[in-house]
Each structure stands twice: as C-alpha cells, then as structure tokens.
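A, B, C, D and E label the chains in the order they appear, each numbered from 1.
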Amino acid sequence: MTEFIHHIPALIIVIPLLWGFATPLIGRLSKKGMYAWVVTALAITEALTIAQIYLVLTQGTQVYVMGGATYNTTIPPDSGGIPVRIILTVDAFSAFMAFTAATVTLAGGIYSITSEEGTSGESMYYTLLLLMLSGMLGMVMTGDLFNFFVFLEINSLASAGLIAYRVGKGISVEAAFKYAIISSVGALIYLFGVGILYGEYDALNLAMVASRMQFTGLDKVVMALFTVALAMKAGSVPLHYWVPDAYGKAPGAISAILVTASQASLYALFRVCFSLFGLGSNTLTTGWFLISLGLLSMFVGVTMALIQTDIKRLMAYHAISQTGYMLLGVGVGLATLGTAAFSQYGLQAMEGGIFHIINHAMYKGLLFLTAGAVIYRLGTSDLNKMGGLAHNMKYTTVFFMIGALSIAGIPPFNGFASKLMIYESTYLFNPILSIIAIVVSVLTLASFVKVFHSAFMGPKLYDVKEVPKAMLVGMAILTSLIILFGLFPNIAIQYLVGPAAKALANQAAYISSVMGGA
Amino acid sequence: MVGALNTYVTPSGFWNPILWLIAFLISLLLAYIIWSRGEKSYKKETEQVKPFFAGNVIESKERAHVRAHNIYWGFVEALRPYYMALKRIHTGDVNDYVAWFIGVTSFMLIIYFLWGVKP
Amino acid sequence: MVETEKKVMARKLGRLVRAVWIFNWFNSCGCTELLPVVSSRYDMERFGLIIVDNPKHADCLIITGYQTIKSIKRVVRIYNQMPDPKVVMALGSCPITGGMYWDSYNTIKRLSDYIPVHMYVPGCPPRPEAVFQAVGLLVEHVRKLKEEVSRK
Amino acid sequence: MMYVLLALYIIAAPFIVGALGILYGMVLKGIDRKLTARMQGRVGPPLRQPFYDVLKLLEKECIIPENAVKWLFNAAPLIALAASITTLLYLPIGPFPPLFSGNGDLIVILYLLEVPCLAILAGGFAAGSPYSTVGSQREMVLMISCEFPLAAAIIALAWKYSSIYPGLKAFSLTTFVNNPIWNNVGVLGFIGVGILLIVMLALSTSGLGRLPFDIAEAGTEISGGMLVEYTGRNLGILYINDAVRVVVFATLINAMFFPYKLSPLIANYVALPLAASLTIDFLFYLFKVFLIAFVTVTLMRVAFPRYRVDDVVKFYWGIAGLATLAALILIVMDTFFGW
Amino acid sequence: MLGNLPYITVVIVAGIGIYAMMWKRNLIKVVIGVSLLESAVNLFLVSLGYRAGGVAPIYTNAPSTKMVLPTPQALTLTSIVIGVAVDALLLSFCVVIYRHYGTLDPRKVRRLRG
C-alpha cells in the first residue's frame, strides 16, 4: 500500500487522461455505463487529490520523477547534479489548486450528466471534459517548464473544443475561435520564454532554473513574456477580451470548469513570480504589476458586468473581477516579500488571495451551473426574455441566492471570509486598494441583484419544471462547500490555505525539495 | 462546539461566523415573535392581491414584469463618458485581441528593463 | 354581529383611530379647501393622521368632489385594494347627491351605489373643521362600540 | 459551567440590544416627527405616535400579492429587522463595549448595514409589481453610490489608527472608543476627520433612505417604491426596522467620532459610585444619539427636496467621494509630516 | 554576424506572424500568422541546441564526433505536434464560421462584443 501512495501525483494526472479516452468505448456499450464510468473517474481523482493534500501536510512537498529509478531520485547519481527527467513537484499550493480543480469538475461532471443527455456527440463531450481536467491537474502539479507548456496546450485545445461543442448558429464557434487563437499565441510566447531560459541555463526544471538564475538582461525579457502570457490566460483586464466570449457561450457545466482552468494559469503566474524569480527580481515591480492588474480587473470587470443583458456573459465579467481580488491579495504579498511588512500583513494578504481562489471556484461554479439550469429550461440566455422562475424552480433559486450572496461577500458565506482578509491586509500597503475592493464588491452585489430580479422574480411567465436531479446534486456539492468554508474559515485557513501561502512564499524550500535530493 | 467558536483573526480585525449566525437567528426569532402577533388573514382571490398600478389594471403578466435592460440607468448615466469609452474598447475583433496582447507585452518589456531586477 | 366578532372589531377600530393613514382621492374642487387640513394652521398630523401614497398602506380613503364614469372604476379598484379595517370618507356634496353636477351626463350621482361610504362630510367644499368633526364622529363611534363590548 | 454562562449571554444579548434598539428607535422617530412639525409651525403628533402606528399596522390585513414569490416576500422584512438588531450587537452602546466585542469589526458592520437594504430590496423585487421593482432598482443604485464614500471614510480612519497604534487592531471599534480620533490628529488631520464626519452624516441620511435621498420609497413619484405591496404586519416590521436603523447609524457615528464620556468630568467634582457614572454615561450616549439623529434625519428632511436618481450618484461618487479622498490625503500627510 | 543568423530569421518570421495576426482581414490569414509564429518559436528552439560541426544526435552506432544537443530537438518535436493540432482545430473553426457567418472578415465575425 505504501508503494501506491508514492505514485499518487502521477495517478492524479493519468487517471482522467486514460479514463477519458476509454469513455467512447464504454459509451458504445451503454449510456448508463458511461455516466457511471465518468463519475467514478472524477470521484477517484477527487479522492486522490484529498489524499495528496493530507500527504503534503504530513510529509511536506511531494516529488515524483517520471520514469526515474525510484519515485524520488530527482538527481540521478551519474548526472552530475542536474535533475534530468520531468519532475512533478507538488507542494501545499499546488495540492490546494488540484483539490479546487477536481471538486469543481466533479460537480460539473455530475451536472452535465442530465444537462447533456440526449444531445449529439455525448461521449466525446466527456472525453474532452476529462482531458481538460487532466490538463488542469498537469499544469498545477508539474515542476517542469516545458511540461507546463504541453499541459497548457492540452487544456486550451480541450476547452476550445468544448466551447464550440454546441455550435449554436456559429456564435459559440466564433467564441471558441477567438479563445483558441489568443490562448495559442499566449502559449507560444510562453514557449519562447522557455526557450530563452533553456538557452541560458541549459535546464528545464523550474527549481533548477530558479537556483541558477542570475537575472541577466535576457531574464528580464523572460519575466515580461511569462508574466504577460500567463496573466492573459488567467483573464486579467487588459487581455481579458476572450473571457466573456468563451465563458458566455460554453455549454452549461463547461463554463464552471473553465473558471478553474483560468485559475490554473493564475497558479502558474504566482509560481513564476514567487518560485522562479522570487527575491532576485525586484518584487516591488512584479508586485505592483499584479496589483495594478488586480485593480484594473476588479473595476473594469464589474462595471462592464453591470450593463450586460446576457446572463452567462455577465457572470463571465464577474469571473474577471473576482480574479482581480486574487491578483490584488497575492500582489500585495509579493510586493512586501522579504521585507518586515511581509510578516505583519503580507502573508495574510496572500492567504486572503489564495483563500479567494477556492471560494471563487466554488461560488462562480455554482452560479454558472444555475445559469446553465435556467438556460436548460428556458432555452434563452437573454435576461430580458426571462422572468418569474422562482415560482416553480425553487431549488435553483435558493442555490442562485446562496451563490450571489457569497460572491457579493455578505457575511455568513465564504466570499466574505476571504474578502475580509484581503481588505484588512491590503489597506496597510495602500488604503486606495481596499477602498476600490469594497466598492467593487457592492457593484458585484448590484449586478447579481439585476440577474436575480430579471431571471427569478416577477410574475410567473413560464410554467417550467424544476431541473432534473443530477443537476441539483451538482449544485448541492458546491453549495455545501460554500457554507462549510463560510462558517468555518479557520479550519480552511489552517489546513488548506495557510500551508499553501507559506509554501508559495518560500522559494528556498521549493528549490531544496527538488535539488536537495530526496 | 468550542472549536467552531474560535474567531477568524486578520491583521487588523476579527470575525466569528458561528456567533454571528447564532445572534442572527436569535434576532430573527425576536422579529418573528413581533411578526406573529399581527393579523394573518387576507382576502385571497379578490381585487386586493392585484399589484397597485394607480387604480388601472395591468393587462397581462408580461407587462407587469419590468425588464432589466436599463436597470441601473442612474449609475450608467452618471458615469456616461467612462461607459462610452469602455464600449468602444470592447470591439470583439480578433485582431484587436492580439494587438492588445502584443501591446501589453512590449509595455511590460520596457517596465521590466527599467526596474525589473534589484540593482 | 356575533359577540367575539364585535370584540375583535372594537379592538381593531380602537387601534385604527389613533393612527389613521389617509389615501386621498382629491380630484376636483373639494381638495382646494382641504389643503389647510394638512398645513400648519389646522395640522391634521396632531391626531395621528398622515397622508400615505398608496392604498395598500392606507386605512381611510377620502374621496372629494364629483366622480366621472371613468374615475369611479379606479375608485372601486382602489377601495378593493385597501387592507381590511378601512373607512371611506366622502367629502363635499358631489359624492352625496351629485352636488351642482346633479344633472350632468357623465358624473355619478351617489357614491354609495359603488362603494360603502362610512362618513359623509357635506359642504361645497367642506371646511377643515368639518373634516375634523367627521374624524371625531369616528372616534365617538369606536368609543361607544368599546363600551358596549366591555359591558358584556 | 462556563459554556452555560456563555450560551446564556449569547442568547440574552440580542434580546437586550433588540429591546433597546426598538424602543429608543421608536421614541426617536416620535421626537423626529414632533420636531419636524414644530419646525414647520405645526403642532405635530404625540410622542407615542410611532407605537400607535405599529399597533395599528399589526392589526391590518397582511396582503400577499398574486405575482409575489410568497416565501421571500414574507421573509424579507424579518431578515431586515434581524440584521439591524445584529448590527447593534457589534456596536458599543454608550459606556459598555460592544456585546460581541471580540467577534466582529468595522467591515462586518459595514456589510451588516447593507443586509437590511438588500433584504427589503429582495422583498421589493419579490412583490412583482412595477412600482416595487422600480423602487428596488433605485434602492440598489442608492446602495452603490453611498458605498464608495462609506468605505473610503472607514478605511481612512482605520489606516490612521494602524499607523499610530500598530499593535492595536485598527478595525475593531474598541480601538476607536478607547482612543478618540480627534486628540491624536494634527492640524491637517483635524480638517480631514472633519470632512469625514460631514460625509458620514450625509451617508447616514442616504443609508436610512430619508428625504433628500429617499429615491427608493419616493412617495410622490413611485408611490411608496419598494414598500408598495407591503401591508399590515409586514409593513409594521419594516417600520420598526427603519426605527432601529436610525439608532444603528447614530451609534456608529457616535462610536467613530464622539466616543467621549461625561462621567470623568463630573467625577473630579463629586465622587461618583460606579452605577451613577454608568447611568450618566448611558444618558449622555442617548443624548448624543438623539443629536446625531436630529442632524441627519430631521434637519435634512426639513431643509432639502428629493434628489434625482443620477444626481444622487453624482453627489456621492463625485462630491462626497472626492471629499473623502481629499480627507484621506490630508490624514496621510498628517501622519507622515506630523503637522 | 553569421553565428546568430538563425536568431535574426526567428525575429523576422515572428514579426511577420504577428503582423499577419494583427492586421490581416481574413481569419485564415490570422491562422497562418499563428502557425508562422509557431514555426518561428520552433526554429528558435532548434537553433539553441546547435554545436558547430555536430552531427544529428542519434546514439545507435554514432560516429565519435561531437553531437548537437538532443533536448531542444525533442522540445521542437512536441511543439510541432501541438502546432499541428492547434492549426487543425483553428481551421475547422474557420470552416464552421464561414458556413454560419458567410464571411471570414474579423470585423464582421464579431457578434460577441461589448
């Protein structure tokens, strides 16, 4: 049994990959069998990520060498101190991100069992879904720069295919086209940076390159290429134009999972800023880069969301503005890295930002699922054509209210816990930051009140039934996590978020976990 | 139970969700006590339940539902120039997407060249 | 009325009288004389009477002046929309007998054909004191009702 | 044993604070209507009038409109009143520290000020009538507009405290009460905090939805706005909630700007037993709350006509917003240059 | 000058690719721009591993002379495969867009905006 435990990082990536490609075969046998097949795959991945979090908390960073003599000989004896193979380094932060991705995909998978029932090409849908999950998990857990590029491309291609899955008179194909173009351009610019780093330091492993980094002129070019390409993939404002198109036109559960896909790129942006360049680079500049991205994303995202009339496009703009919160929180942590202020409020700001990642994944996933439920019943996603759904879609209304209240940061729910941490630590760095953050949280509340009014309130215009059971189960999973993190933020901080923030801030530990042998 | 009661401490504040929820439920109970002393009955199917529309009748349920297309007229009106600029920027044209990306990359190249690394 | 119903009505009206919220339907000459009722000289608020802007909050519907065929439809609808212990006060001679428009083709002559009117205040237009006397009669009626109930 | 005491304390606290909030709120409402009448040369209703109003409202029928979402329509007033009472738990009542002093700070209070408006707003939407929907939309615009100066004022004060007393928790109200802002601020800071005080007074008028900014229940334009469809006991609860919110806003401003006590002054003339000084402080607190309520509600109601919707946003995001940012800059300069 | 000739060609090809993506008014030309940028990056990766006078890094009965670095060639292989997949996907999107929109002009293919 102990042997199996060491292979968990690899299993987490491989299970969705293999299980995904086997789905069409099972689909040919029996529809029910395929559903069970997909849900077991997602459930196993979820269980493995939870086991991985437990392992990382107890035994520290997990390292797994692909094809090495034993699972953790990062530096083979004859290689003269260079980690040769692809190494998965899973520290607390990446285990945390893997858990977020697996949970939302599990909820999305269960949700899409009924929402995609009887539609064309259903088995391919699940293959792409599992492929997307393995891409995300690979991006989050790999310690190798080029390997990250490969998983990034897997994820982008799979999600582009999924966005265009319901052609919908060509509009979702246009959205998928724009998404695919801009994400492949970003990935190529990232690959260009990887090439420069390989040319300079003759190594591809992130820890190896970080230990050899001398911050030459070329490294500044690489910093620019990496940070901008990954900021674009994470959906921050000056480069956010693909987000409303892609999330707005993706089928039901896919936009919920796309949120975690862009959060995996956000993880990569933080990993690059903290572990690759760390204290050598002028953390004030990179910190202020993240903070200004955060402020722009927050304000522009929410003001654009106020005037939208399409329900999913409105929620997509909110995904951008909530990403702004994470960038703001972690940006303040980065800006104060290494100074005395870091221990006073920098680490808490990072904890707030990272806690916001999982909170956002939960309630944004829930909101996209409720929007999918409304579209599943009404067929239209235009807010002006909806009305009075609360009369007979009771559960969806309650789920939507919980999601809307937690995204607006109303006390008992989880949005408030992480926003409180962000407000009360970033204002020490600069008071303007948290003033804008509080104003943006009310504007978020305003736009969700708009959706709540036009979709659910008002007289009964349509006699629609409640959505089928599986969709409700998918939403219930996310709601229970929202309420759990809302009422017990201390437990989430102590076990999930605290170690993740410390692991991210501590570059030396990351390098020594790979370079320092076992 | 005690484990749940520890407050969630931030650098300059604190917050305890469980206590908040208990206090909220008890004040909800207080409000319900006052509320329950009131009159419950009302005439169900009469004219009484129709929405007040200054004495007129609303022809159909369709018209009774106020649409949301310009729900925040006041806010958008006050920030009129900002919103005009924002609408112009979001063109939806693939070329502009790539142009923005290249523009921001070159801008960041300059920024990093100037202050990228600690001297 | 059955014994308990009278006791309930006495309690409700007793409470209503000390805080009457008025929804006014001033739509003709009657209202010009009634402005001083609200203003500082006669000040109806000292008896707890305030003007409310929709029937669902109101207890007393004050109708002044003649009602045309079109407007009576709205008056009936507004009367029905008022929550229960409600009082209707018809001011001026037009709602009583049609007033000086007694022979016109489009005004309605007697208001009580359409909605139950509890108090008539004659006068064309009625003076503010007449309005206060009407409210006083209502208070008197409630006091008598209470005594009767408490004696039993 | 300690848990039983704690449980009792937690259960009793909302009732004590709720009773105080409701009773004193209604008395303040009565005084407010009396003073408004007197300022307009009228005699004005008796002081007990709000109690009569609520008793009458509890007697009337409680109509639930046909288009309404029944459960939300009835729940909204209850949640609004419950949230207002919970806010009082986190505010210092006169000499006593907040009953939940270690468990909630200024940001919690900031959001708890939003929850009643949000509940009534949801109730307004749930009623499904055109007037109530338009009223609720306007209330949301009001909430957006008055959030920016409110957040800026709170953050400016908290930033000031965090720079003077790094050890203390800058957002907790006990820090605000223990060391009043006025006597550890230089000249520039004094002007800045003065501006913040004026902005907070203007904000409490719009937070309570009183005349110059009552675009949400504009009587003449949309005949009762959000509260159109509410009748009987629902309206009674909303009436009480409105009364409690006056006390909440006045206590917040009192705690932030005037946390002074009367008993130390009297103590150096005549020896005061503890009970006497506490009652004197409590009465002084009640008087301060009345003063603030008078300025923010009665004066504004008598002096100003109603604003248009976009003027409200322009006022709060324009004038009041810039004023708070100027005050923030003044406070920052005051800390760094120490004038 | 001769030494970094490949790097100059990389910059030129990348420039042309970016130009095509930003100014060309036909979606297929934009896709060509993407593949141009992709081939520029591949050229850059390969030219990184060049050793003067080295032979192809094939270890089976290889001559004893110097070899060119093997890893960048492995990277380029994967990147080419990914490039093929990306281009196939983008071109199939163009086909569907043309069938539904009737045009390939980015200025017209933008129903999603604002």
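Keep this in mind: a residue touches a chain if its C-beta (ideal position, glycine included) is under 8 Å from a C-beta of that chain, and two chains touch if they have at least 3 such contacts.
All of these numbers come straight from a predicted model, not from anything done at the bench.
Provide the labels of all chains in contact with chain A and in contact with chain E.
Shared contacts of chain A and chain E: B.
Counting one step per pair of touching chains, how far is chain D from chain A at the shortest?
When the steps are counted carefully, the minimum from chain A to chain D is 1.
Comparing the two chain pairs, does C-D have more C-beta contacts than B-D, or is it the other way round?
B-D
Quick one: point me to the chain whose Cα centre is farthest from that of chain A.
Ranked by distance of C-alpha centres from chain A, the top chain is C.
Return the chain label for which the distance between chain Cα mean and whole-protein Cα mean is smallest.
B
Could you tell me the distance, in whole angstrom, between the mean C-alpha positions of chain B and chain C?
43
Could you please state the distance in Å, as a whole number, between where the Cα atoms of chain D are centred and where those of chain E are centred?
Roughly 62 Å, centre to centre.
Among the residues of chain E, which ones contact at least 2 other chains?
Within chain E, the residues that touch at least two other chains are 21, 27, 30, 109-112.
Would you pick out the residues of chain C that each touch at least 2 other chains?
54, 56, 83-84
So which bits of chain A are touching at least two other chains?
Counting only residues that touch two or more other chains, chain A contributes 177-178, 181, 185, 245, 344, 388, 411, 416, 420, 424, 427-428, 446, 450, 453, 458-460.
Return all touching chain pairs.
A-B, A-D, A-E, B-C, B-D, B-E, C-D
In their complex, what parts of chain D are in touch with chain C?
33, 37, 40-46, 49, 52-53, 55-56, 59-63, 131, 219-220, 223-224, 227-232, 235
Chain D touches which residues of chain A in the complex?
Interface residues on chain A, with respect to chain D: 344, 388, 390-391, 397, 409-411, 416, 420, 423-424, 427-428, 431-432, 434-435, 438-439, 442-443, 445-446, 449-450, 452-453, 456-460.
Using the touch rule from the top, collect the residues of chain B that touch chain D in their complex.
1-2, 7, 12-16, 19-20, 22-28, 30-32, 34-35, 37-43, 48-54, 58, 61, 64-66, 71-75, 77-79
Which stretch or stretches of chain B touch chain A in the complex?
Within the complex, chain B contacts chain A at residues 4, 6-8, 10-13, 15, 17-18, 20-21, 24, 61-62, 64-69, 71-72, 75-76, 79, 82-83, 86, 90, 92, 94, 96-98, 100-101, 103-105, 108-109, 111-113, 115-118.
Contact residues on chain C for chain B in the complex?
54-56, 73-75, 77-78, 80-84
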